[in-house]
Amino acid sequence: MNSILEIRGVRKAFGGVVANNNVSLSVSPGKIIGLIGPNGSGKTTLFNSIVGYHPIDEGSIKFDGHEISQLRVVKIARLGLLRTFQQTRIYGKMTCMQNMIVSAPYSDAGWNLIFRRISPADTRKAEDLLKFVGLHGKRLLRAGDLSFGQQKLLEFAMALMHEPKMLLLDEPTAGINPTLIKGLMNRLLRVNRDFGITLLVIEHNMRVIMNLAEYIYCLAHGELLAEGRPEVIQNDRRVIDAYLGAH
Amino acid sequence: MDSIQLLFDAPVLSVQLLIDGLLIGAIFALAAYGMALVWGVMNLINIAQGEFVMLGGYTAFFLYSAGVHPLFGIPLAALLLFFFGWALYKTVVFRVVDKDLFISILATFGLSILLQQLANQLFEADVRTAESGLSSWFLFDGLVTVSQIKLVAFGAALVVGATLMLYLKRSRMGQAIRATAQNARAARIMGIDTDRVYAATFGLNAAICGAAGALVAMTWIVHPYLGLPYTVRAFMIVIVAGLGNVAAVLVAGLGLGVAENYAGFILGAEYQAAFVFGLLVVILVWRRFWLGRQRRYLR
Amino acid sequence: MNPTIVRALLYGGFVVLALVAPMIASDFLTQLAFLWVMIVFALTWDILGGQMGYNSFGNIVFFGVGMYACAVIQRDAGLSYYPGLFVGMGVGAALAVAVAALLGSGILGLRGHYFAIGTLGLGIAAGELAGAWSYIGAGSGMVPPLYPGRVGGRETFFYYLCFAVAVAAFPVLRWLYAGRFGLAINAIRDDEDKAEAMGIATTRYKTAAWCISAFFLGLIGAAVGNLIGFIDPRDVAFAGPTFGVWMVLMAILGGKGTLWGPVIGAVIFHVTQELFWTYLLGWQRVALGFLIVLIVVFFPLGIFGWARERWPERFGHRVEEPPAPPQAETGK
C-alpha cells in the first residue's frame, strides 16, 4: 500500500522531556486519518516535526515519496503538505481576500515572478472558496477583526487556496460554536471527497473524529498507544484509561 | 600586522591590556545588569541606558567641581539618577511599557537623543574628568601601569552589583520586583502595585547607571556623546549572558572589556568604536545562525 | 466628481507646483530639495518597516554607500561633470543594492527588536569605518567636484534631481505594492511563520525589499553628497542619529504601511524641522528630540493610522450584504 505520509520511529525530546518516542504511523492518499490522545501526549509536537518546525532526533518522515525530516518549513509547504494551527493563524492586518490571494500556490522560484500581478483567476478562486466557507460577505474586512470561529474558517480556506495534497489539521473544531461544528465537518468531508485532499486531524471532540476518520491513531505519553478503525478504538480499554487517567 | 607581532614580542603588553580591559569591563557589566533588570521586569529595552551613565558621570563631575570627593560622588550620583529615572518613568516611560517592543525601543531612543542633545547644549561638548587624586602602581619595571582609581572603580562596581543582588533577594520591594518579572498579572492580582514596581525598577536601573557613570568620570572621561556605545555594550552583554544570570553578566562584561582593549590595540584606536558596533552585528548574526542550526528560534 | 479624475488632478497639481517651486521660492531651494530627500527617506523606510514589519535603523548605510561611491567615481573616473555625476549615481545605486543583498543574507534573518538594534549598530559601524578609511578621506571626508554652472545653479539642478528620484520612487512602489510582492511582504509583517508555513519564499522577498530601498537610497545619497558639497562620514553620509532616525519617525508620523502616509509624514516633519532650525537656533536638536518622543509616545499610529481607526469604511474594510440567505453559516 503506498502511503502519502509515512512516519517511522520518530523520536523528539526537548531537554529531558521526551515528547515523541518511537512513533510510527502511515496515511494512505485520499483518506481521513485521526490522531487523538490526552493533553500532553505529543500530538502537536508530532505535527510540528512533520512540517519541519523543528528537527527530529531519530526516525524518518516521508511525504509523497520524499524524505522530509531534514527539510525546512517552506520547502515542505511547497511539496504540498500544509497545516493549520491550534491557535489559528491568519494575517491580521490584511483583508480576507488578501489573505486568500497571498496563499495561492505560486512558485516564487524566479526573481521576476515575485513581482507579478494578481491574476483574475486567483481572485475568482478566492471568492469561490470564501463562499464555500461562508465568509464571502466579509471578504473585505480585516482578518484580525473576524471572530475566532470565522478566523478558523478563513485559515481553512487559505489552506485550500494553496491546493495542498495533504492537510494537517490541529483541532479544527476547538473553540467553535457547537451548532457550527456539523457544518465544518461537512466541509472537511467535501474537501476530502471532491478535491482529494488527504487529511490528518488532531481532535479532542470524540463525536467529530469518530464520524470523520476512517482510521485513528491514539498517542499517550509520547508513544503510540493504539490504532485502528473508529469502532475498535472507541472500545479499546487502554484508550479509555488514557483519557480518564487510570494508571 | 605589526601590532599582533608586538603582542607576541612583548607579552607584558598583554598584561596591561588584560588588566585595563577587566577593570573597565566591570563597569560595562554594571550597565548591563541594569538593562537586564529593566528588560526582564518590564519587557523594555532601554536605549537611553548609556545616557543615564553619561548623566551619572556629569553629576559626579559637577559634585567634584563643587568640592565633593569623587568617591562620594558615586552614591550621590546613584541617588540623583534614581529620582531622575523614577520621574522619567512617571512622565514618559509608563506610557510605552505595555506597548510592543519596537515602540518602547523607539521611545527610549528618542529619549536618548533628547538627553544627549540637552547635555550637549547645557554642558558643552568638551570632555570632563573628575580627578580622584589617586596615583598608580607600576608593575614589571614600569611597563604595566595599574591605575589605583581604576582598581577602586572595579571594586566599587562589584560592590554595587552585590548590593543590588542582595536588595532584590531580601527587601520587600526587591521581592515584588522579582514577582512582577515572573508574572505581572499574577503579581497584580496578589495585590502588588506593578506600576510602582516598574517605577522602582526603572529608578533602580538609572541609579545603577548613575553609579557606573560616576566611576567612568573618575577613571576616564565624560562627554555628551558617550551614551550610545554604552547602550550597545550593555545590550551585547545581556544578549550573550541572558537575562537571569548575574555571574554570566559579569563574565561577559569583563570579556567585552578585554576584547575591546585588544581590538583597540590591534586595529588602532580610531577603529575601536567601529569594533564595538560591528561586534554587536556579529554577535546577533552568529547567535541567530547558531539557534537556526538547532531550529530553536527565540521570538 | 470621479475619484480617478480627482486623483489625477491632485497628482498633476502636486507635480506642477513642485516644478515651478524654484521660480517662486528660490531662497529656499536647498530646503525644498531636502523635502524630496525626506520623502525618499520615508518611502524607502516604509517598504521595510511599515509594509514588511522589519524596523530598520540602518537604512542610512545605503545612503552613505551611494554618496561615497558617487564621490569616488567623480574623483577617480576622469569624466567631466555631468557624465561623472550620472555614472556615479548609477554606481552608487548598484553598490548600495549589492551591499543590501550581501548584508541581507545575515541580517534579515534577525527578528523584531534584534533586527532593529542590529541595524542600528550597522549604521553606526559604517560611519565609524568610513571615518577611518583613508581611501575615502577618513575623518576629513570627501569633497565632490564643483558644480560647473552659474552661482545658484547647483541648488536648482539638484532640486530637480532630488525631485526626479522622489517622483520615480513613488509610482514604482505603488506598482510593487499592487502585485504579489505587496501581499507577500504584508504577510511577512503579519505573521512570518505562517507565511513560511504557506510556502511563501520569505527570504527572497525580504532581500528584494531591502534591495529596492537600497537602490533609491543610493541614488538620493549620491545626489545629496553633491548638493551639500561636502561628505562627512558621521554627520552627512552615515548620519544615523539624524537622518537614520528621521527616516523611521517620518513614516510613523504619517502612518506606516501606507503609500501616502510616509509622504505626508515627511512633509510635516521636514517643515517642522526647518522651522526649529530657523527659530530655535541652539536648541533645535533638543526640540527635535522632544518631538520624537512626543510622536512615538502619543501618536504611534500616525496620521493615516488614526484616520483609519476613525473612518474605517473609507479605507475599504466593509461588510457586504450577501446576495442570498447565507446557507453556509448555519452549517447545513
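Chains here go by letter, A, B and C, matching the order in which they are written, and residues are numbered from 1 within each.
In this section, a residue touches a chain if its C-beta (ideal position, glycine included) is under 8 Å from a C-beta of that chain, and two chains touch if they have at least 3 such contacts.
Small disclaimer: the values here were computed from a predicted structure and weren't measured.
Student: Please indicate the chain closest to the centre of the assembly, with centres calculated from CA atoms only.
Tutor: Central by C-alpha mean position: chain C.
Student: Relative to subunit C, which chain has the most distant C-alpha mean position?
Tutor: A
Student: Just give me the whole-number Å value for how far the CA centre of subunit A lies from that of subunit B.
Tutor: Distance between chain centres, rounded to whole Å: 48 Å.
Student: So what's the Cα centroid distance for subunit B and subunit C, whole Å?
Tutor: 33
Student: Distance from the CA centroid of subunit A to that of subunit C, rounded to the nearest Å?
Tutor: 41
Student: Give the list of subunit C residues in touch with subunit B in this complex.
Tutor: Within the complex, subunit C contacts subunit B at residues 55, 57, 106-107, 109-114, 116-118, 120-122, 124-125, 128-129, 131-132, 138-139, 241, 245, 248, 252, 282-283, 285-286, 288-290, 292-293, 295-298, 300.
Student: Spell out the part of subunit B that touches subunit C in their complex, as residue ranges.
Tutor: Going by the criterion above, the answer is residues 45, 47, 92, 95-96, 99, 101-103, 105-107, 109-111, 113-118, 120-121, 228, 232, 235, 268, 270-271, 273-274, 277-278, 280-281, 284-285, 288-289, 292, 297, 299.
Student: Once bound in the complex, which stretches of subunit C touch subunit A?
Tutor: On the subunit C side, the touching residues are 176, 178-181, 183-184, 186-187, 189-191, 193-202, 204-205, 208, 257, 316-322, 326, 328-332.
Student: Which residues, counting only subunit A, touch subunit C once they are in their complex?
Tutor: Checking each residue of subunit A against subunit C gives 51, 72-74, 77-78, 82-83, 85, 89-95, 98-99, 101-103, 105-106, 108-109, 111, 113-118, 131-134, 136-142, 145, 158-159, 162, 179-184, 186.
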